[in-house]
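Heads up, there are several structures right after this.
The two complexes that follow have chain A in common; it is paired with chain B in the first and with chain C in the second.
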Partner chain A sequence: MNAELKVAHKASDYKSDIAPIWCPGCGDYHVLLSLTRALAELGLPPEQIAVISGIGCSSRIPAYTNCYGFHGVHGRALPLATGLKVVRPDQTVIVTSGDGDGYSIGGNHFLHACRRNLDLTLIVMDNHIYGMTKGQPSPTTEPDFDTALTPGGSGLRPFNPLVIALASGANFVARAFSGNVSETASIIVDAIRHPGFSFVEVLSPCVTFRPDQKAWKNQVHPAPVAATDDPARAARHLMSDDGFNVGVLYRGDRQPYRPSFGGTTCDLAELEKEFEI
Partner chain B sequence: MAQASSVSVAFLGSGGAGVITTGGLLLEAACSAGWYGLLTRSVGPQIRGGEAAAMLRLAAHPLDCHADHFDLLIAVDWLNAQRFALEISLGPHTLVISDPRGGEVPDFVAAAGARVIEIPMKEMTKATPEWRANMIALGAAARLLGMREGVMQELITRRFGAKGTTVVQANLGAAQAGAKAVANLELPVRLPVPQAGPTKRWRITGNEAIGLGAVRGGVRFAAAYPITPASEILEWLAPNLPRVGGVLVQAEDELASINMIIGGSYGGAPALTATSGPGLSLMIEGIGLAAAAEVPIVVVDVMRGGPSTGIPTKSEQADLNIAVYGLHGDAPHIVVAPQSVSDCLFTAQWATYLAEALQVPALVLSDQFLGQAQAAIERPADAAFVGQRLTASEFAVPYQRYALGGTDVSPMAIPGTRGGQYTADGLTHTERGTPTSAATEHRAQLDKRDNKLKRFDYGDHWATLQGRGKVAVLTWGSLTGAAQEAISIARADGLEVRLIAPRLLSPARPEQMAAALAGVQRLLVIEQTHSAQFYRYLRAHYQLPSNTRVLHGAGPLPIRPGDIHRELLAEKAA
Partner chain C sequence: MTDQSDAPKVSSLADLFAVAYQIEVDAVERYTMLAGQMESHNNPELAAVFRDLARAEGIHAGEIRRWAGDMDVAAHAQQVAKWKKNESPESADLDAVHYLMTRSEALQMALAGEERALAYFRHVLASVTDPAVKELAKRLVEEETEHVELCQRLIRKYQEPAGKPAPDDPDPAISQG
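Let's look at the complex of A and B:
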């Protein structure tokens, strides 16, 4: 056993010197802590990790880590990460997103990233609200939740991202709660280690626009069933649970997508032969 | 019979009649015989059915545009042919071959006063069911062009050999029957006997040339979302990138494809995507991100008729405004435009080089005409431009990814490089990359991105400059070929005309343009847009002579050399 390696990595090794600007009490502080703890446990050198995001409160995370990062445009973190992972399979690529960024404006990429099954990890901080734009309903907001944009509520049924991920082909599906830092860190470790596309939905309260979510810490409970490798079973559980089951819910065994770079590199002159008359 | 500098042939038929194939085969045969050629197609939006035309021009020298009129038109049938009335321009000298059972000869043929000869192609295929009418048309055209019979024989054997002797014999028989049917006819013009050159010639489309040029420039990653008329670039890259250690992935939409190439390039691989107007509109936000985060990317826009879905299968130059001005905020970037099929290769290669050298998005404005035209050309000369990105391997603490000073191109750390960790950001950022909303830092980074482009030495490739006359033609992109041809006709008339065709559209080159325009008294601007976008662009960036006129028109009808020549004669008279 290598004792040196064990002490070499602390969560703080993966934090940058930039102070987060989230609201006091925001669940995302805990997600940042869980992520850096997970990275420390994995013991990866920070330069071998890239944290990619779009726009929103959750998407600020890359700059708060000491890894390579990309803070892109709203909804497009998954395509950014896909391009990076395709050309750099050696990098550990983690995407941080929110319920607006990941499920609404980025919804199509969510479907296709699950389907593509690249070896990526997606962490969505779900607070059922657009926080950064001050409280509009997202695809996971309750239909009667009153907002300035939707007085009296949107009237729209929230969707279930975990079931959608299963139906779309994600290879690892888990739900976590930001307040349970150790458990969330351990789920993130699992997700990163699992080959293919791993999806971790973290219930991360927005204390400013959803003070009711402070109660989540009392509502979450471990999933009553162990993780399955049967997506239909996992989906059935998810369709009927109360939305507060936490833990790893599904581990698939699909082969990750690895686009072919070709075996050998031919001379550029070879390419033009097809045009010769 | 007059010796002509070029001969133009059109094949017409309803979709599925095989006339596009016929055009391709005739170009191939003409190439083996030693001629140069240009083949374009005009089709309706249908995949099957509808109308189709193959338009072919052959000469003993390379060609970059179509002629004003066709010398030979062979209609396998006349279904929907009236739609081509403007695109297939005929004259009294045109020989038209028509099938008596192919439907009524349309009005535009009679109106041109063309000579119409009937050949019962359908009847012949009835008598010999293994024959195809388009192969009869091919044989007739080859004979009328004065092609040796052996050329056609070799071609058919080569192209159909894999399908077995029966198919080869059937197609040979049909072609020979076509030749026999026109044995007593002659075209009023005849091409000079071709000369085989010392170097190998190429047969290539503009879209293929873009792909090859990009790979030569260093592109190793592409993300693809299909769109007409750009898909062939992506379909050429898909099998060829892996041959040079690269890769292409299909994206779920253009929002994904643009962001995928930004991610790939951030990871260190020179990256490209190709699209057309509607896709470019979706990509614009991503292009702005690449500008702000200083990530090199190449985006090829093969322009088609717009706005909206417009005319997907036909050409226009009306994406100039969105390419130059379409990004929100002040987002300096490169816009370049190829001027011929052959130049598609150079321009794509140069664009890749510029994107990498300047860590900036480079847009390549090709169009449907260039992209889908197939040309027999000399092998394009090798260019030395290969993308070289300024990367960082040793770092001050903390690493300043967006450091100011020098050329304002700051060394970029590639993920995996120890000590270079930074967060690329679309938010206004400090030199280190940390988000900021401070006025001084915002201005400093805007200056940086502006300066790195303005101070760069683009060399002579910024424009094609020819001639020294006091009259000048100022044009761009695929119209350059027609302008060159009009200028050479004018020269024969004794009018010396200067050509100025910028390949680099953004950033503008005010000093170079002033030098190019020095001594010009009368200027003719030529462009294929409805609203004279290029003229307005020129007015915004350059001092034009007070005597400037514009010849502009929407696609899909191309501006032909004759149209430009007429304008030049008016300049001469003025």
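Let's look at the complex of A and C:
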């Protein structure tokens, strides 16, 4: 991450005055709390942080923070964040996404963001459902999850995002549970501090379309093994875990990709003219 | 006694003032957030309940500041009032809310928070030896006991009649039919 300026900040310094409109009980409220607490812990001024998102319930977070933000198009948060980080390496860039936005329409970008290993932090709020569009199955939905939209379940094998991230080159991989606010904040602090592409999957229940996920609170448990720097070992643990191990699971030592960029020499007024209709 | 291994350790009067203050400040933040949620979801009656709870916790925070005199409790709280995994005891459980929840359910939530705070201060009272810290812990236990009793009285006052049907949900999650 960038040089930390240790000024006493409160979590509320990072909240905007826009009231969230998630469903009461949504795990994303906890994630917003965790994120703002993490930023306060890091002591970064809000103007040194950019929060970038795509589309979905989780992607509303940039509007609720007091940092720079960009609410992009569906699945394209990572390309936007990549562009920003390349031209403004001084900014701490955080991407907020969901399992639909991040793993389905944005799945290809997920792979290549891991591979590029720019110094970004991706936080995916995974609720195993498309909540904003009323409950369609997402890439992480269980195959037998029965709804009026998918009678008998989709029958499709769920995506394993943490293993995919490891295989694709992410430099930090962690899983958190939204209900454990302090613990999630601490993992986000770790993720932002760790150089390179950091991926934090937050199990964040959807109270409206997945009321069964209220049980997650009692299912999550600390990962039984400490974080490793061996991706193969981390992947083996993840392939055989129950999906509820929380904590930092992998800390890599790949050098972040830092493309040289000499800045633009073009005249912005000239460029604007090219786009005139 | 509930497990307090996650809670901040208290080793001085300043620590206890700071932790007690932070507990109330966190409660204000949480109830204000819940009031906002209820306003967004057109439940003004419950929004008012949460605003009242936030106001009450704000008064408690002010009292603790006053008791602390010249100590900068807010600054010290940023250093010491940290829970490793859980949240501070009076922070209402965010995932226990629903946009159709009743006043009685909101008060049950408040009661649970007050009981957690009471358990924490009892733990402090039992574990500290410094007479001044012990005296403050005792005072905080008495305060929290009063808050618990107040919540219990309000719950009795606003008890939903037995057999009252659940509120009609005009916006059910239809895909789960």
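As a convention for this text, the second predicted complex is superposed on the first by the 252 of 277 C-alpha atoms of A that agree within 3 Å, B and C clash if a C-alpha of one lies under 4 Å from a C-alpha of the other, contacts with A are read in each partner's own complex, and residues count from 1 in each chain.
Just so we're on the same page, contacts are C-beta pairs under 8 Å (C-beta built on N, C-alpha and C of every residue); 3 or more make two chains touch, one makes a residue touch a chain.
Since we're looking at a predicted model, the values are computed, not measured.
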item: First (chain B), second (chain C), both or neither touched by A:183; value: second
item: Touching partner for A:82 - first (chain B), second (chain C), both, neither; value: first
item: If touched residues of chain A are counted for chain B and for chain C, the larger one; value: B
item: Touched partner set for A:255, first chain B, second chain C, both or neither; value: neither
item: Which of chain B and chain C A:218 touches, first, second, both or neither; value: neither
item: Partner chain in contact with A:240 - chain B first, chain C second, else both or neither; value: neither
item: Chain A residues contacted in one complex by chain B, in the other by chain C; value: none
item: Residues of chain C defined as touching chain A within the complex; value: 29, 33-34, 36-41, 75, 78, 82-87, 94-99, 101, 173-177
item: Contact set on chain B toward chain A in their complex; value: 28, 31-32, 200-204, 208, 212, 215-216, 220-221, 223, 240-249, 251-253, 255-269, 271, 285-286, 288-289, 293, 376, 379, 398, 413, 415-427, 433-435
item: Interface residues, chain A side, partner chain B - complex; value: 17-18, 45-48, 50-52, 62-63, 66-73, 75-76, 78-88, 90-91, 108-109, 111-112, 259-262, 265-266, 268, 270-272, 275-277
item: Of all residues in chain A, those that touch chain C in their complex; value: 8, 10, 12, 19-25, 27, 29-30, 33, 134-136, 147-149, 179-183, 186, 205, 207-209, 211, 214, 217
